[in-house]
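Below, chain A partners chain B and then partners chain C, in two separate complexes.
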Partner chain A sequence: MFKITEKLQQIAIKLLESGEVDLVLGYTQGNEPCQSIPYIATSPEEAKNLIFDSFSQKALSKYMIQDAFKNKKVALVVKGCDHRGIKLMLGENRVQRDQIYLIGVECSGMIRKEQLRKEIGQELHQLHLEFQNDYIEVMDGEKKREIEYEGVLSPFCLSCSHATPSEEEVDILLTGGMIPSILKDKNRTHEDNFKDINEIEKMTEDEKFDYWKRHLNRCKRCYSCRNACPVCTCRVCMFDRENPDYIDAAKDQLAQHQFYHIIRAFHVVDRCVGCGECSRVCPEGIPLHLLNQKLHRDLDKYYGSYVAGIDELPTPLSHANANEPDFFGKEAK
Partner chain B sequence: MIQESFEPKIIAFCCNWCSYAGADLAGTGRLKYPENIRIIRVPCSSRVDVSLILRAFQNGADGVMIAGCHPGDCHYDTGNYHTRKRMVLLKSLMTFMGLPPERLLVKWISGNEAERFKSTVEDFTKKLKQMGVYEKARDLRCSR
Partner chain C sequence: MAPVIKTTDFAYLISACKMLESQYRTFCPTMEDGVENYWPLDQMKEEQMWMIKDIAFRNKPPLGSIKSFVFPDSEIYIKFARRGNKVEVEELETMTPQIILGVKSCDLKSIELIDKVFLSEPVDTLYQEKREKTLMIATICTEMGQSCNCKEFGICPLTPAADILMTKDEETGKEIYLKSNTEKGEKLLEQLLTMKGFVVSDIFPVDEEKSKKPVLSSDKIKNRMDEFFESNLWETLGMLCMGCGTCTYYCPTCHCYDIRDFNRMDQGVRYRTWDSCMFSNFTNMAGGHNPRDTKKDRIRNRFFHKLKLFSCFHTS
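On to the complex of A and B.
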């Protein structure tokens, strides 16, 4: 199985036995196959349930802003994207560095369960998965099949260039896991992620509107995208206000959906780490990452490249100066 | 949908220090500008959050205008730099989502540019009249 799991359990047991941390926040096997769910280990016995595999997608850093974790020393399992998220939270004083112990893990790319199910063509129960370098070996009793990584890995992981947190910034870095060769090659560029954007940009105005209308009208306003986002870290979200002036729960109003998604894109765009959680968790499969990526690309185009969580704070939208291009000057219009 | 009698509604967010003074000067100078405009005075053009603009569109505005000091003249030094940074992104996102970005106008108008204020409003009104009623971002429960 996954080597990192063993190392993780060892370090978690050590940390909990010595009392260095109060709890370890990691993942454990969920009720269904190919599902890892967040798990809090508070004793060495519980630490034996911790795992890390290709399905540990959820960013755990968001738990740190909850009241229950205040005044506790927490060991946190972080992948590359999670670590970038938590660096932003540290920079914005959402959490204090001495409050957390970071267990960095070498990320082997996250596998989309739905895609895997589609590729295999049957339910994942009773199947045994063996992760090889170039393919996934699926064993159904005696039958063996090979599934390519390309179709099942999250597209965001395929072009990820910061999969593993840097060693200096985490307290301990666990490596030695199996990394699919497709991720090692790094032959995919970030531009591959923007394919959909280019296609949408080619549409006419009405086609664009219809495209987004079709997608956004399915929005249930469940706020999963907000809750899963590792950089959406306001203590009180503007959409949670008791008497909101701007937005309500009306689901038959396209304008309200547009409003919610535009505002959310604006609130996170400059800090977006590109983990793709927003569109993964969406129960309606709305391609929400496109909004963030589009804005992010514009930011890069107009104001220079900025990689959230890697480059220095402040983020592009939280400062402004005279030297930036003016698109609304006398000459432009 | 071009109607003869269509009068667009324009919400104008005017910065207190420059553009509102410019509008004021246009008034005291007896310059006539279209009455389609509803001016909202804001302390600084960077006060205009994206949500305010979207809310104006939801509530029946056919166009939104944001007027601030010329770059370099901001009363708070950097306010309008923030405005232009945000608004160029909002315009590009509006384009991306199929909402016409021409309905959002950002203009730098200083306190002595009454003539510029007048011509801006006139041009914008004319353009919106051609474009017709704006329904795409409207909350249908809000009456016109």
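On to the complex of A and C.
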């Protein structure tokens, strides 16, 4: 059991027993191995099911803007990225701080289950995983193997410099997790971790178009990327509006998929907290994070560095300064 | 007795399907960008073809359900255009027959269920055409997969309701046996016999157990659903649900659709496209009323439709 799990259960039991909160929103073990799923504990008994580990990926902050959580005092388990999401919501008056009890957790990076399965080369059932400082020890009965973190950690976590919420901004911070040494190495740059986007930038225009055509043609517009995104917080999404109807509902129209994904990327990029949920939840495996990565890179280049949820609001694209680059003006000349 | 043929190598079957391209378009499960799905054989790269056998014979269906071959995600009813002051309606192209290779017993059960919706009066002719022109080749699962529930629901993995049943020799893993199950299937087997690598077989090496009695009967479930209508379960699920359409789009028995028009200038189409009862605007009414306003209502409705209402409406 992860050390944090123990502390988390203790604090959750205390909060629920004292009636300080109505519910604790965290994670519990899913039906499959290496799967942690969102969980609502409403009693001290249920609090014993809470866990926190390297598979607690889901961005729980998103739930805070849902109607069902309004008018309830909620204790929320937040990793660094989730906490940044909450701070954006607070800044935009989408949630009230006094309704949320923030349980900050020291994040040990999220492991991509699919990637882990690929590296191990077999299904994860019946395997025992032991998380060490430099590697994951995989035990299949007597057989032991070591898996490097670099290949299986989410690229977002590898380059994350705000993995753990700051102690002053949460109600309680739980530490003592086993942090892989690769995450302690702060010398890794953005460029080191996002090799995929470097590859795409090297492509010709036609190759890039073909790449995105291939991926976006699989989109079914189930909107899971939007619904899982902790910074997609509009009260009514433009793609749900029926009058005017901005998007055609046909699922076989590449142009509509492009329209949806590009508009969404532009809408969220300056507020993206890099949790990686968009790519993770996509059933078709569309690498949506690459759109954000590219735009993020461009934002850094043209508007200066800005870290959503850490730096002061407003975000770079929600206001305009006279000295900012004018791309459209240039084009006109 | 139903004819059985065999071949010594799965590759013969693939090349035979390629030879039949002018008559059938073949779809097989393979991997594209890390995602397993059915993919047209004529668009596959060499290495993708090598993956077909493993995925098709595995006891786990690929990501997408086969419903999209008979009920595509988007489908045009009519095309229309304005010429002067007249409206011209264009005939739709008829589809090429298709072979879906590597489907499972559970997939076919789901098609049986959707048939009840689209093929009962008034018959949905778009669906009917696709159903008639689709030939399913099912692989036999000899072992249940990690998250399989076929036994509970009384679906026999050894006797799929396909046009052709396919199995491989358990010992060598090389010989592939094909057994026809319908007239359509028999015709295809006859064609295959004239092609390289196929011979008649005396046996079909599947020990067809009598299909077991389902552990869960739909009648029992139907009758007990009412007990759960006021359960707290829906409240909790509604809170945790993200409200996207993934579960419905990948569910092999979800079949709701929306009808829309798309027009530009003087021409347009009327089409239907998958819709999801998990979306908030699914039941939006004129005037702004929404009878299923919360996620709790929508989730409850989805399970009630599947487990109770469906079998009330479609008894036969």
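Simple rule for what comes next: the second predicted complex is superposed on the first by the 319 of 333 C-alpha atoms of A that agree within 3 Å, B and C clash if a C-alpha of one lies under 4 Å from a C-alpha of the other, contacts with A are read in each partner's own complex, and residues count from 1 in each chain.
Throughout what follows, a residue touches a chain if its C-beta (ideal position, glycine included) is under 8 Å from a C-beta of that chain, and two chains touch if they have at least 3 such contacts.
No experiment lies behind these values; they were computed from the predicted model shown.
Participant: Would you check which partner chain A:321 touches, where first means chain B only, second means chain C only, and both and neither mean what they say?
Facilitator: In the superposed model, A:321 contacts chain B only, not chain C.
Participant: Looking at the overlay, what does A:68 touch: chain B (first), chain C (second), both, or neither?
Facilitator: A:68 contacts chain C only, not chain B.
Participant: Determine, under the contact definition given at the top, whether A:250 touches first (chain B), second (chain C), both, or neither.
Facilitator: Both: A:250 reaches chain B and chain C.
Participant: So, A:130: does it touch chain B (first), chain C (second), both, or neither?
Facilitator: Neither chain B nor chain C is touched by A:130.
Participant: One more residue to check, A:192. First (chain B), second (chain C), both or neither?
Facilitator: neither
Participant: Quick check on the superposed pair: does A:146 touch chain B, chain C, both, or neither? Answer first, second, both or neither.
Facilitator: Neither partner.
Participant: Give me the intersection of chain A's contacts with chain B and its contacts with chain C, in residue numbers.
Facilitator: 250, 253
Participant: Given the complex with chain A, which residues does chain C contribute to the contact?
Facilitator: Per the touch definition, chain C meets chain A at residues 32-35, 37, 63, 72-74, 146-147, 235-236, 238-240, 242-246, 249-250, 258, 260, 262, 271, 273-276, 279-281, 284, 294-296.
Participant: Given the complex with chain A, which residues does chain B contribute to the contact?
Facilitator: Its residues touching chain A are 50-51, 54-55, 57-58, 71-72, 78, 81-82, 84-90, 92-93, 95-100, 106-108, 136-141.
Participant: Give the list of chain A residues in touch with chain C in this complex.
Facilitator: 31-32, 38-40, 62-63, 66-69, 114, 123, 125, 214-215, 218, 220-224, 226-228, 240, 242, 248-253, 281, 283-285
Participant: Residues of chain A touching chain B in their complex?
Facilitator: 197, 200-201, 203, 205-213, 238, 245-246, 250, 253, 255-256, 258-259, 262-263, 265-266, 269, 291, 294-295, 298-299, 302-303, 316-317, 320-322, 324, 326-330, 333
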